[in-house]
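Chains here go by letter, A, B, C, D, E and F, matching the order in which they are written, and residues are numbered from 1 within each.
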Amino acid sequence: MTDVIKPPLKNILITGAGGALGSVLRESLRPYAETLSLHGRQSLGEVRENEKHFICDLADRDAVFEMLKGVDMVIHMGGAPRENTFQVILDSNIVGSYNIYEGARQAGVKRVIYASSVHAIGFYECTQTIDSNVPQRPDSLYGVSKTFVENLSRYYFDKFGIESVCLRIGSCFPKPTDRRMLATWLSYDDFTRMCVRSLLTPSVGHMIVYGNSKNSANFWDNTAVGYLGYHPQDSADEYAAEVYANTPMPDPLDPAVKYQGGKFAADGHFEDPKTN
Amino acid sequence: MTDVIKPPLKNILITGAGGALGSVLRESLRPYAETLSLHGRQSLGEVRENEKHFICDLADRDAVFEMLKGVDMVIHMGGAPRENTFQVILDSNIVGSYNIYEGARQAGVKRVIYASSVHAIGFYECTQTIDSNVPQRPDSLYGVSKTFVENLSRYYFDKFGIESVCLRIGSCFPKPTDRRMLATWLSYDDFTRMCVRSLLTPSVGHMIVYGNSKNSANFWDNTAVGYLGYHPQDSADEYAAEVYANTPMPDPLDPAVKYQGGKFAADGHFEDPKTN
Amino acid sequence: MTDVIKPPLKNILITGAGGALGSVLRESLRPYAETLSLHGRQSLGEVRENEKHFICDLADRDAVFEMLKGVDMVIHMGGAPRENTFQVILDSNIVGSYNIYEGARQAGVKRVIYASSVHAIGFYECTQTIDSNVPQRPDSLYGVSKTFVENLSRYYFDKFGIESVCLRIGSCFPKPTDRRMLATWLSYDDFTRMCVRSLLTPSVGHMIVYGNSKNSANFWDNTAVGYLGYHPQDSADEYAAEVYANTPMPDPLDPAVKYQGGKFAADGHFEDPKTN
Amino acid sequence: MTDVIKPPLKNILITGAGGALGSVLRESLRPYAETLSLHGRQSLGEVRENEKHFICDLADRDAVFEMLKGVDMVIHMGGAPRENTFQVILDSNIVGSYNIYEGARQAGVKRVIYASSVHAIGFYECTQTIDSNVPQRPDSLYGVSKTFVENLSRYYFDKFGIESVCLRIGSCFPKPTDRRMLATWLSYDDFTRMCVRSLLTPSVGHMIVYGNSKNSANFWDNTAVGYLGYHPQDSADEYAAEVYANTPMPDPLDPAVKYQGGKFAADGHFEDPKTN
Amino acid sequence: MTDVIKPPLKNILITGAGGALGSVLRESLRPYAETLSLHGRQSLGEVRENEKHFICDLADRDAVFEMLKGVDMVIHMGGAPRENTFQVILDSNIVGSYNIYEGARQAGVKRVIYASSVHAIGFYECTQTIDSNVPQRPDSLYGVSKTFVENLSRYYFDKFGIESVCLRIGSCFPKPTDRRMLATWLSYDDFTRMCVRSLLTPSVGHMIVYGNSKNSANFWDNTAVGYLGYHPQDSADEYAAEVYANTPMPDPLDPAVKYQGGKFAADGHFEDPKTN
Amino acid sequence: MTDVIKPPLKNILITGAGGALGSVLRESLRPYAETLSLHGRQSLGEVRENEKHFICDLADRDAVFEMLKGVDMVIHMGGAPRENTFQVILDSNIVGSYNIYEGARQAGVKRVIYASSVHAIGFYECTQTIDSNVPQRPDSLYGVSKTFVENLSRYYFDKFGIESVCLRIGSCFPKPTDRRMLATWLSYDDFTRMCVRSLLTPSVGHMIVYGNSKNSANFWDNTAVGYLGYHPQDSADEYAAEVYANTPMPDPLDPAVKYQGGKFAADGHFEDPKTN
């Protein structure tokens, strides 16, 4: 199901297109839309054919509303990508995502694919196999903001019919580099596969699914992803020997080892310069 | 587990053997029984070696009782294959299936493989991953009759020890032709595999399982099928590009798109000529 | 919540109004409707003020359709009240109930309160505490017909928006007379309370609830009844000493003792005169 | 368990003490603390014996941090009490509650009793009996903010050990005034009982419980409240006849009738003056 | 349902009859059997009318087998009543209980009421509402032995049809004396009620139920007890004010406060003299 | 993930190393530890390089404590391998395993991999797909002892932090030899894979997982094994035709066919010579 299909969508907007994942999708989603709208906080480089660029802060409501006009579906990855001060999280992830959803409502956008995160449920222990319906247990302010958007999107679907797929992404990097990532790793190609399936599936309502590759190690019961038809092709297993060789035997009682969120669950409160 | 095994059964009866699926099984199940009893409402053509033919209406109790004599196991596919007037559903599916089960009890038949259907649970949404224990939610009078037989067979097992496997068949056709079938498609070969496993498994009690191929897209948690050892070999994925090319972008709020039963869930009440 | 409230409904139809429970409701529901339509297979005696009588067989579609005209809500108790031959169950309970639901659809009736039964789940063991979502396990052909109507009503709600409350009535008699009834007994007054709450509750969708009084012994998790606000006032406990004195120590391995359906689960197949 | 117990706590802070519920607790919790700290946005009137008053906006971090010093436990009711513009919800409920929790962490406060709301799960249907573990389904931006604080408090317990009881309050008013409130009503006295039990229970960890009185009608499975030992004494049933007399027969398909959140689930997006 | 019923049983054996609970049952169960067999490790005082006394160690197989002859049902409370060295637990609770069950099998005893304990699940947190089906989590070697007998009794029912009711007793004392017991307390009279219901209920199969009184505070979902018809009459609530007055504010992070097993969960390994 | 990784552990102890499985692990685990300590009741033959041998009875506490000194992790397979008299089960499996766990605690061993068994849950029917959280249902005294150790290990983790992986091994033999083993078979190589993953996984807490190969037929929902990253490579399917050819059509009502424990569930009580 990885054959490219002739452009079914007129205009897909990718927020946070300047980041690592954004660069991946900017390339891999080209065939799926007539126009690829790209959002970044800074210049995204050359404007390629069929691309439209929007440079703004997601907290800037008017700018966000403007770029949502004429869009069919959004892949929303913009915002702070890791723990930060509450003020940064608030502006980038909470206010920014509200602007996306409220703008989508006003502009008639049909569907949002949201880059949620393992950190929305990072305080479950690795030995607990969880599905998409367990209560959220964020491991950081960053994770709290992810649960905020999951719930906000549920609200926009229940009341306004705007569909969402929330992808709880594990560790989306070129390759796994520690033992926990042998379970949570999502390859770039598999990430693209998830996005494509989220765009093409006929009716998604409001879904929350986990995002990892076909790793032997895994702590998620991802049956909910079934309807999307996501079929991972890569596996962290190929890197297992390398990872074991390069990393020390961990302490099983260390929170960074015990909890699904890893280091996020172990870290203390983010130093907020404004309060000091 | 697809090797053919020497005939373990003396006499298998296939009802509805004149239909598309019946023709498939008439061929593929030959090696599994010494005698293949075939039932149809009309002539089934030439009587081949080791075959016995029975032409009757399933609502005809005496005829049904007659053909069950000496039978080990039944594959029960007979009856109206889609929505119809209540009278037709009543005669063909409700009375007809009662005759099969009551006749099986009187004749000492050990096991029935029943061709149930996705339409027994067709009013669940596609985004809901359901297992075999969810309450039934039929999408049509046809679907209601499927739930009737599922419950009737449960009764005949609980009280009389007659085993049943109810196969909730998705879309059993030569190939998937719309986007919903990318999830529900069951290839003819995989259908045969399900039937063979249902015949050979040592002890099945009363089971309800879902019937689809190894499609990436799927809305069923089919863990219950595990004990049967059913191992699908085909996949709708091979037809995905073709299906996407040939079908328009669907409206996610259309009941035919939103519900697992597809068009059955969207259709109105079947025009019953007798009431007009 | 037992105060009588001024007639909120114009016309309530009670089917099976000639039976024991029908006589109870004929009296107790008088204050809840301007017109009480009563159905029986035989004369219901004198036509009292505000009553309308309909004498017919429920399998007679035209007669059923006629009596549903102008009705707001139906309390559907008509049909065979216990195990019988398949033909009787088919005509009275299956065809008869289809006529009620299809007639309700055509006549614009809003809600049906259906007298389902413990026998829809009678093959669960008494030690299993079950809720309303467990798969049905009928203990008789009578019980199979109850599951048929529960599923039919689900279909009429899912597709046509006709609301139903299915009351799985335990043992509705003047008083409990054996040890099993210490758990399943539903007093006449509590039965009325369930019906009143089912009529008055603002929005019921499709519900299945259990019907028993406030007995200490109980094998149902009836949380689903919560929204109805049913508050039983009677208890089988008052009769416990009497029941223990009058009944022998039972054999715990007797199916009539072990299963929730009691004697129904233990009885063999009903002798069907037509087949002999 | 309603006897007043000698002051076990040195200093309880009540936020939002100027509202209706705040006035109730200001009186009823007097015996439970040596000092009652009261927060309001405007003057709270005369400072009574053992009271300390704090007048500030919860979005004012420094002021909030100041008033948390020396506090044992907080009853946090402050913030916008119903749907409002996103900006108001953001400042009052999201930023304000973050300040409470982060301030509690810095000040060493042990426990927060948070006034969450039915609107955190208002998009479940009334016929669905839900417990505390179902995924949140907010019915408004107000409800989204309630889920935010529930998740934030989970985070502060999982990482920092600050205990919370989130009370999902139904309808806390002098008496029920519509049919939905016959299920959701929480009397003022029962609200006090919940707060007292939440203060006194030895170890609460992080709990989410529902807050209503002993009403016959109910759509919550509140088993989780068991450990608190909350024992409601009042019931909406006493007002049922009055409510039925004063309110019209509702339309079961009206979202305000169908969903647990009532009118909040039916209302459109709050008019945000800044966008017009 | 507390009226005494004429002796329905010929011979009930109570093991551990010399302890506090044994003395209670020795008195309260007199009317329920023609003969009351009493077991103790030491003299049980005067042999009253209709009593038979057996003085032995439960690890003495021959003696145990002897006293089970002619017995209808056993109430098995004998063995070490709290944490002890492994050797004592092994002899008294593991070997002793095996002797009871194997002896019951050989003597044709129909049912055993087993005094299990909260300590079989004592490592669940107080805030977790658990039912009878959660995996066991013993808090001590004593608790491990309780799970052993629960599983042994399951085996004897599944294979040999010997019925058991395992009562997970909370704190059965004259009155609650600490805050945890406000949830776990079981009055002597309610304990008798549980035993009587366990003896009289027609068919119990293998059940595990929780044993506490009608306390407002509670951490068990005891729906499984429903079928027994156990109806507690006492409540720890009456002692709440006294308990609060006499006990200090506990530390919520102390294991003895946090876990259901209380002090057992907090205690270290029992000093085993043989290893020192 | 099957590449051998440089010795991550100093000293692994294998109990029961003289049995069939022990011989497998003695060979296959060589690369995973600097020292392989091997325990047997009789001579284990030549002491190979890096091996240490301990010949003793597991009921001999001092000997067991001695051999646990300096050990990192234990693979505990010692004890009676099938049904036996209670005395043998008691000494070998109950006392013996207590000695292992208590010795591990005193010696500071970090983790135990325990060879539990399908017989801990052997009384579930084959048609029931069960996960690791269902209540145990042992099929023999042997099975009861397996549940004892599962619960004992839970206790040692909850109280003392000693990690355990309990592997509920199906049928670990050179090849499947009857129809039930087509579901339960675990190849020697896959058994090694499970052990290696149990040794290497960073944090296992207390886990119970099922042990079988990649067989099409299966009655376990083994999602819990996910986190271990166990990836079976063998399948009983290869032997299916052979098994079918060599074994007769079974009777579905035979307990040895109906229950997951197979013959163990069907066998009567083990003849205990001491009682005769």
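Heads up, the rule we're going with is that contacts are C-beta pairs under 8 Å (C-beta built on N, C-alpha and C of every residue); 3 or more make two chains touch, one makes a residue touch a chain.
Since we're looking at a predicted model, the values are computed, not measured.
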item: Reaching chain E from chain A through chains that touch each other, fewest steps; value: 2
item: Where chain A and chain C overlap in contact partners, by chain label; value: B, D
item: Co-neighbours of chain F and chain A - touch as defined; value: B
item: Chain copies touching (chain C, chain D) - same or different residues, decided at half shared; value: different
item: Distance from chain C to chain B - Cα centre to Cα centre, in angstrom; value: 32
item: Length of the line joining the C-alpha centres of chain C and chain E, rounded to whole Å; value: 40
item: Interchain centroid distance [CA atoms averaged], chain C/chain F, Å; value: 52
item: Two or more partner chains touched - positions in chain C; value: none
item: Chain-to-chain touches, reported pairwise for every pair that qualifies; value: A-B, A-D, A-F, B-C, B-F, C-D, C-E, D-E, E-F
item: Chain E contact footprint on chain C (complex, rising order); value: 125-127, 129, 179-180, 182-183, 215-221, 237, 240-241, 244-245, 249-250, 252-254, 257-258
item: Residues of chain D touching chain A in the complex; value: 61, 86, 90, 94-95, 98, 102, 105, 123, 133-141, 143-144, 147-148, 151-152, 154-155, 158-160, 265, 269, 275
item: Of chain A, residues touching chain B in the complex; value: 1, 3, 5-6, 8, 110-111, 161, 163, 200-207, 223-224, 226-231
